[in-house]
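Presented sequentially are two complexes of chain A, the first with chain B as partner and the second with chain C.
Moving on, here comes the complex of A and B:
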């Protein structure tokens, strides 16, 4: 029972990632693409968590942490690029 | 234009320490499980990149007054030094050894010279990655 539910969740997460991929490629504006990429990261993280539940192992927990960190940094970098046009400033004007 | 990013700065101040803790865990877990010097060094470098993103180059360099080229050089010296250290004892280059120690508070632990080698790898990775990223950032003049 629980395995069937987890498999169904994996299927839905994959469908979500495909839809987000469409938005990331097609997306008319830059913020659409950034949000699509961030959502792909979150869904990928959830898929890894479900796979680690299905296989009953804790070996993937570090993957979840590092994927979360990289997704966070990537989203911040994209947002800063949209807002200011430069990612790492030499000297902030405040 | 004044941009209010108090939320980002407050969150990053906490999150950087979480990332550095994860890096130290990965560094020590690398003996028998996924992790190790290379991965730990990359995670430390990602924490520094997060600082550079949130604040600017000059503020971070004032807070961390370290020349990352020197860090990379020290790392290579440590990694090669453990290799030549084994030659001094009459065994092959890069031979590693380990021994069990009974440490206070943590109990019986295995300490090996491979840890010094891994520390050298980690320092090298941090130094090289941060040197590349800061030189890319300094390159864009507008």
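Moving on, here comes the complex of A and C:
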């Protein structure tokens, strides 16, 4: 029973990713696409969690954490790129 | 041992010459160099009695025994003739060069090259091992190249040197192939051992190939038709070089090869036909063309070509003796070979003297153009005498040695023509006719050489005070013409001591030495040969008198149809074609290079699998596929396809990120946590790096490729992708060997770690990890360099230069 529910959840998450992909490809503006990427990251995170339940292992807990951090960093980098055109700014006094 | 020393002396001297030149700048270096040929001559002289008795001398030094290569110095009659010529003429040429070249020239270079050449030439005639012979053979080509281009500031010298190098080295390499074929047949590189097996070789399938390859080598070196074209251009060399290399020694290396290999190849009829008729054609063509030359050295060059053809054809006629039993009635056929050797010596004497005389004229009058010279007889009486004697000998008139060899040549030609017609096609009847016609032309150009230079009134003589050359320059040609006359007086002494032992080298299975040595007499009664000579003189004088009337025929042949024109055109076309082919694939476009890589991948790998029916798609043993996995693969695929059509770089980066993240979830599904972690981090860093770079890139431009190219690129990409997938699927079921992963399963006992992946990376296969760390290190240093140490403004751009 629990396995079926978890499988169903995985299916739903992957459908969510497909929808996000549509936004990432179609998205009229760049921020739409970046948000789509961020959402995909979060959905993947959830999928990893469910898979680790299914596989009955704790080996993927780091993956979940890293995925959270990285999708955050990625979104920040994109945002800064959109905002300023550069990611790492030089110091103004140089 | 002493013979081995004879080869070494010139090379050792060549080493010493630059030292001498540096430490004793005032000293005339030529006198020092003169020691080398004299020493060799001395060593050879001590062997003459032994060789004349039919014995041989041999010394072996193992060089590369595992490959059957040894420096075997083998001195028999044939080597004796050539080595005496090399060292004897060499000594005279150096003596002449001492006075000919001014001390302002780069004399140390000159003598160094000359000694190298002399040593290489001695090596060629002494070597019994074919590989060593080939090495020395190429060394003669190289040193000749250096000598021809001695005045390398002149364009013509460089052209001549390049041409001779190209032709002789091509021939040399062909000859190497011939030697290797011979080795394949006999299993030995030794010429003597090959001769021992010769009688059974001639129906070997490789025999004809080896024969032709060796002959091409000999023909190119000896300037036989149609490879003779390099010799006239080599006349840009200093005159001592022309006298030494291009009349007496190097061009006779091919003659030597033909004489040396006659016992091996003469059992086949091909040898007889090729050597005889190529020789005869060269004889006629060379003498015919010599008449039209206006440069004295070019005239002598064509004369050399024709005389070499004469010697070559005589060797060919002599090889007929291999097809008959040698006894007193057929000895006339071996006589042809004897005449070849006799004329070889004679030609070296008179042609050397003539070249030196022409050099003197050039040196004193400042030109060697026939149209500007004339009336030098009273100004340069000694040079005149030398030239007349040399020319008369060349034309085959008594009382000089050329007469004897010409008479003997005619009798050999007549003997060949009268060979039983049942065994040979009647084309041999042409032999004496061709010989006779060529002799007429020889007579004509000899007349031109003497009459146009020394008689007639001086027309446009250069504005210098012409006087006789200094005595130092005259010594060498005087010695040579005294030989010309001396050999006429005592031909049988030369024949007995020098020439007849060589007959044993060419006919090892034949009769005795005494039997094969004909008695040469100047007066041999009124016979056909004498009438032929008289005919030559009469026809020659008439044609010479009428020369202005028929000279026009030389202009009939259009210039681009001459052999020289064809050679130049072939070179030009070869360059064109090769650059065209190169431009076909070296386009400078990365896109096309990738195209070639992919096509080769498709053709070779895909083709191999397709031809061997190795594609194998069985779906058994596959793991079950979940619906969400299918959806994820679909997402990744859709992102990848969408990436091809996006219009901004950032969108492409986003899609790339989706593929990367998707990959990491597959690592999770397939239970690889370490890979998933690394993949996530690398993906994020790559994304950030992409964004970092975009700031500096110019605006995104859509490719404007023609749609045909786009479709072709698409087809190739799809084909490559499908091939790779097909191969991966086929390989999946390859389970002939057990996997080695079971070994790593007890990582805890072996390496003390529970994480198998990390124990493999850090313990079992740590070398890979170390080197990958090095890769990262190099990459980071490279990035630092490119960013911080990039070129200042205005620096040289080395890229795309």
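Everything below uses one rule, namely that the second predicted complex is superposed on the first by the 91 of 94 C-alpha atoms of A that agree within 3 Å, B and C clash if a C-alpha of one lies under 4 Å from a C-alpha of the other, contacts with A are read in each partner's own complex, and residues count from 1 in each chain.
Keep in mind that, in the parts below, contacts are C-beta pairs under 8 Å (C-beta built on N, C-alpha and C of every residue); 3 or more make two chains touch, one makes a residue touch a chain.
Just so it is clear, the model here is predicted, and its values are computed rather than measured.
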**Request:** Could you tell me if A:88 is touching chain B, chain C, both of them or neither one (first, second, both, neither)?
**Result:** both
**Request:** For A:74, decide between first (touching chain B), second (touching chain C), both and neither.
**Result:** second
**Asked** So, does A:36 touch the first partner chain B, the second partner chain C, both, or neither?
**Response** second
**Message:** I'd like to know which partner A:59 touches here: chain B for first, chain C for second, both or neither.
**Reply:** both
**Message:** Quick one: is A:5 in contact with chain B, with chain C, with both, or with neither? Answer first, second, both or neither.
**Reply:** neither
**Asked** Do any residues of chain A touch both chain B and chain C, and if so, which are they?
**Response** 59, 62, 66, 70, 73, 77, 86-88
**Complete:** Per the touch rule, the chain B residues reaching chain A in their complex are 2-3, 8, 15, 19, 22, 26, 29, 33-35, 43, 46, 49-50, 52-59, 133-134, 137-138, 140, 142
**Complete:** chain C partner, complex, touching residues on chain A are 7, 10-11, 13-15, 17-18, 21, 24-25, 30, 33-34, 36-37, 40-41, 44, 47-48, 51-52, 55, 57, 59-60, 62-63, 66-67, 70-71, 73-74, 77-78, 81-82, 85-88
**Asked** Taking the complex as given, what residues does chain A use to touch chain B?
**Response** 59, 62, 65-66, 69-70, 72-73, 76-77, 80, 83-84, 86-92, 94
**Asked** Where on chain C is chain A touching in the complex?
**Response** 626-628, 631-632, 634-635, 638-639, 642, 646, 648, 650-651, 654-655, 657-658, 661-662, 664-665, 668-669, 671, 673, 676-677, 680-681, 683-684, 687-688, 691-692, 694-695
